[in-house]
Amino acid sequence: MEKRKLRGGMVGGGSGSWIGAVHRMATTIDGQADIVAGVFSSDPVKSKRFAEELYLDPARAYTDYIEMAKKEGALPAKERIDFISIVTPNVYHFDIAKTFLEAGFNVICDKPMTCSLAEAKELKSIVAKSGKVFALTHTYTGYPMVKQAHHIVHQGLLGKIIKVVAEYRQEWVARLLESDGSSFYVWRVDPEKSGVSCCIGDIGIHAENLVRYITGLEIEELCADLSCFVPRNPLDNDGSILLHYKGGARGVLHVSQVAAGEENGLSIQIYGTKQGLSWNQESPNYLVCKTLDGYSTTYSKGSRGSRILCDEARNACRLPLGHPEGFIEAFANIYLEAFRVMRAQLADQPLLTSDYPTVDDGVIGMSFIETVVASATSDEKWVKMLYE
Amino acid sequence: MEKRKLRGGMVGGGSGSWIGAVHRMATTIDGQADIVAGVFSSDPVKSKRFAEELYLDPARAYTDYIEMAKKEGALPAKERIDFISIVTPNVYHFDIAKTFLEAGFNVICDKPMTCSLAEAKELKSIVAKSGKVFALTHTYTGYPMVKQAHHIVHQGLLGKIIKVVAEYRQEWVARLLESDGSSFYVWRVDPEKSGVSCCIGDIGIHAENLVRYITGLEIEELCADLSCFVPRNPLDNDGSILLHYKGGARGVLHVSQVAAGEENGLSIQIYGTKQGLSWNQESPNYLVCKTLDGYSTTYSKGSRGSRILCDEARNACRLPLGHPEGFIEAFANIYLEAFRVMRAQLADQPLLTSDYPTVDDGVIGMSFIETVVASATSDEKWVKMLYE
Amino acid sequence: MEKRKLRGGMVGGGSGSWIGAVHRMATTIDGQADIVAGVFSSDPVKSKRFAEELYLDPARAYTDYIEMAKKEGALPAKERIDFISIVTPNVYHFDIAKTFLEAGFNVICDKPMTCSLAEAKELKSIVAKSGKVFALTHTYTGYPMVKQAHHIVHQGLLGKIIKVVAEYRQEWVARLLESDGSSFYVWRVDPEKSGVSCCIGDIGIHAENLVRYITGLEIEELCADLSCFVPRNPLDNDGSILLHYKGGARGVLHVSQVAAGEENGLSIQIYGTKQGLSWNQESPNYLVCKTLDGYSTTYSKGSRGSRILCDEARNACRLPLGHPEGFIEAFANIYLEAFRVMRAQLADQPLLTSDYPTVDDGVIGMSFIETVVASATSDEKWVKMLYE
Amino acid sequence: MEKRKLRGGMVGGGSGSWIGAVHRMATTIDGQADIVAGVFSSDPVKSKRFAEELYLDPARAYTDYIEMAKKEGALPAKERIDFISIVTPNVYHFDIAKTFLEAGFNVICDKPMTCSLAEAKELKSIVAKSGKVFALTHTYTGYPMVKQAHHIVHQGLLGKIIKVVAEYRQEWVARLLESDGSSFYVWRVDPEKSGVSCCIGDIGIHAENLVRYITGLEIEELCADLSCFVPRNPLDNDGSILLHYKGGARGVLHVSQVAAGEENGLSIQIYGTKQGLSWNQESPNYLVCKTLDGYSTTYSKGSRGSRILCDEARNACRLPLGHPEGFIEAFANIYLEAFRVMRAQLADQPLLTSDYPTVDDGVIGMSFIETVVASATSDEKWVKMLYE
């Protein structure tokens, strides 16, 4: 392809959406792409005003995503967007993704992928048919030290994995609750917009995805307890799950959105027959391996300085040792991998490998949500994972 | 009573028993008591040799605990031991405790209290009948910052408690396993000596006790998954439990003895509607309270220096701020409280309050073990706690 | 001004310069500016090749900075760059800054500002005459929690400040040394390119700047010890300094580039009569205030979630509580403040306040370097700070 | 010798002295010795009342130390004390030590050893003449991980040491100040009782001793700045020192007793050409070694579990991995080593090696204090260490 930046569009992510800003920063931070078009609100006036704040060409601030897909599709190839980022409430993901994929655009979609497993499976076949890139922003797999963890596990340094503990604790639902006594409205707690679970759909699937990315473990069956601690709130905001993985490993995965004082407390501990490993999202630049011999080793991220990191981890760093990198950079790593594949397709040189969450991760995520909800309402102790 | 040190005896805890040494250090560290008699091994020769190392009067190094109870009972009051510490494998606790209580001695007993709930209940009535002190060494409630946590919860500073996470992770079974390929023998993994569970009996009950001490929460029902990761080992060494507490709080309690790299990783996180609280045994002198407002407060232990600790916490410290205290001191705090009650009884001035784990804690602990084992082998999702 | 992105140019920062990439990321991450022109190497071929990698218009990849200043100055106002980023070895800063300021461009310059105090003072009058924005990238003052520290100190919460400890430890010189036995060549260790000091010019001035930003303290006199632990290396790589601040506070500032295992270890502890405060660049999203009462408070950064941060700190965050932000974001905060002033000037509405390091900071920084070097070679114990 | 506990006496350390209690706990915790005699106050009534609280034989609660030395010396060998612990204000150390050494008793003395270097040297010759054990309680060298640090340095794992940073920060003087506005009275701040320096005598010498114990480095010359931040207080409470060690290493040692929020903040960082090492007294059970390769290793203390600790460190532990040990246990390790030598002497089998701070450490400590004070009042930049 010619030497040029990629052109991105966005649906959703307008005024007041912090994650919308993250998608834009992830798009532009590395100088590989720009945002050139978008629909940023269901209210066209707000959408256009927001486009102005982004210094977009007003002609490419659209009224709705259907118009956007049509008009962008009609532009000459050298102006047309290369990809779309979907940053709307969950309920719209499927339709938007379908529309743009079928119109021939690559798609980067926020999680959870859809509102149901059925939709997820349908989307999978749409992606396959389209031949386009579909990336799901499971942010946490973009962190360099998560890639190092994956490397360590797959090198066999932990031995056989026998136990996994994954935790994801936040407080934001509690904070909202405390503000106004429970009658608040946020789309994530509304089943019409969010799907069948709040805490599993919003954060539980991140934890599941992180375990799977690092270890490759697949869930065989699980036993879940979901709770809602907010009066008149229809969806869960706390969940604890026992897990049986295929091959015999055991797991505990627990999440909460009402854990006072917890900010974005995603952490994982993995125990093998030889070593243990732990990583914590709030201190993401370090990874700890714990031996059976009375000492632990802490690895630091760094584009330079480390002589021990695997290539995948080192390449995911932008800065030398000791210069903190964070959430935005991890997010951008997912975009960079998706960009790499888009550029390869533009150059007609498809890649053999890539490292971003795909539609398959989305299907497993939706399967996980539905299995957990099924278990939570079941009297049976163990419920098999609904892989299909 | 006259001004004198108390006199203690010990059954078990001989050569090679580190916890035996802890009981002795806890006895003597504060200058309140001495060890003057004991049986330190089932082998009388070893027992006497060990007594010599402790500089005991050889006449008070006994052949077995029955002889000891009889002969000590026959000594004049001003020579006779005041209390006995039981530091044997679990299977002997009941008989030894019964023997000494019925002979009129106070008892300090290592946990788990007995090998079964039935024994535990019987012991409870023996204690009641005897009128003697019976203290169970649930070490962790002796830490100053655990007492501060109790205070904070009971002052209502967390609001209503909604979620508890308790973890206790060790690696020693994995280390043994790794040493000799699985055929090792340690009494804790032998059901004949240890009871129906290894990981719950050894460490799970500590975690349960810690939750209950701090929060007062009682388990209504639970759902447990127990695993054994050691070939040919008859007892569990890993367990994960979902908990429904009375009053609506939810909990997760998970323990492991095969968690590579974990040393003595007992920690607890408690979430209320207003604040969260967390404490970690491996960094015991600090307690963290986390607000919904974007900051946390770390309390430090100290006999001097702090102007914020409750009296119970401050009095449980021997040193000013910044001078680390540890496991032995926490253990000794349980002994000190038991000594305080023994001295009050000797002075015929029984105390209104005391703060050490009692036979009631032992009954609940045994109930917990049996309920967990029942749940682990049940197809029912929830099993009611067997309080009686 | 019209609604548009600002246009930036860069001198230096080409292939192999990680800090060049940081300047570019800081320019583009917030969607406020683009890089559109530059000279990226003293070798025109390399420079143009690098411009291509940045997807720049080849016509704006210049041969040298003099040509660049001239040709950009000749472009119509609506195409011309608004500012230039200087990312070359120190020795070139002065000439480049002078050239662009006198040609009417705003300047963002890496530190140290110049190679001598004399140059620094001359640059100060050039900036004054130009009326343009001159920002110096003392990165660390861009961190939200450094702004919170400034706020806390200036609210008087620490009482009167009596003691400051500032440390900045790295290992990179040691790592280079260890690689090739001392004969390495890096421009920072070459006095022709770097100035009279390596460790003070590279990192010591960051520490001095950080202390001054947070506390406002000015150095009255100092006593320095500089060392070089690398054979045949002409400049220092380790330094320790005792400080007397105006008003009576005392300080210690020590830096090293040969501290094995230290990555980018900049930290500061400030002690007042009422409280102490500590911040560590490697864990930048937290700030600890330590009371005289036996507890400490840890503040977390967050655009949302915290109800306790000052506006300056909150506004310097892009993400809610618990979502780590790092070095790039701090760097970008300095750019954002400079952009804010540039836009105000374009709109002819100069701002009353701004929050980025200025040419005055650069003069003090150069004064600090020269005073430290003077002290290190003096027999006098105390050397007055050379403010002019 | 016969199998028996050693018998100790104490001078000082009575009611209100927390460090007195530490000496007693260190004496008794390991079952190797008892306190059987003492003078606990200059007021005989208070002294006897305190002896009663310790359950001592009233006949051995003496009126003053001269009487005590005489009467204990007159007791039959099998009753007489084996050693004396000196826990008085500094000013009395010399006379008491001299008296008991010359009367044939072993001595364990709190630090600083004396009030002047001249006294220290005289005491050294008295000790030599006496042939008795003289141990100085530089507590921190009793910690297992300090012994491990010593081992690591002496194995050469750090390479050649080039830089040392030692810090000791407390707040207690600030807390007293804040309580009553500066007119407080504590003996440590009174030159009549404490000597020529408060902060160096009380804590600076601990830091110096720790550096020397771990590294073996000897100070060649130093440059000190001492300050007093308390109105009308005659002695310093804050000090910062630049150090030149023999052989070329550089150091910074800074201490404060007015550092708000610091509890007992003694820490040390040592940098060699190959690795760095750091230890912090407030988290004493861990030791961190930092490589030039982008990772660090954290060693844990433990009598069991670790397969990597040196024998000296392992033997200094009473508990397995993960069971915290603290200040009392470290203190007791110094007593244990002194006891070991006393027992060897009693058995007429003098030991080849021992590991406790001796009168030589006391002489160097006093030399350090006097050199620092000399430097602080000198105009010369560097003052040679007054080794004699």
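Chains: A, B, C and D, in written order; residue numbering restarts at 1 for each.
The criterion applied here is as follows: contacts are C-beta pairs under 8 Å (C-beta built on N, C-alpha and C of every residue); 3 or more make two chains touch, one makes a residue touch a chain.
It should be emphasised that the depicted structure is a prediction, and the values quoted were computed from it without experimental measurement.
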Classification of the chain C:chain D interface as same or different, half of numbers criterion: same
Far-end chain from chain A, centres as C-alpha averages: D
Distance between the centres, which are taken as Cα means, of chain D and chain C, whole angstrom: 43
Distance between chain centroids, defined by C-alpha means - chain A, chain D (Å): 55
Sequence positions of chain D contacting 2 or more other chains: 171, 175, 262, 292, 296, 300, 302, 305, 321
Chain contact topology (line, ring, star, complete or other): complete
Chain A contact footprint on chain B (complex, rising order): 158-159, 162-163, 165, 167, 171, 174-175, 177-178, 223, 225, 227, 229, 238, 240, 242, 244, 250-252, 254, 256, 258-263, 269, 271-276, 289-292, 296, 378-381
Sites on chain A touched by chain D in the complex: 292-300, 302, 305-309, 321
Contact set on chain D toward chain B in their complex: 3-5, 18, 21-22, 24-25, 28-31, 35, 52, 54-55, 170-172, 175, 262-265, 281-284, 300, 302-305, 318-329
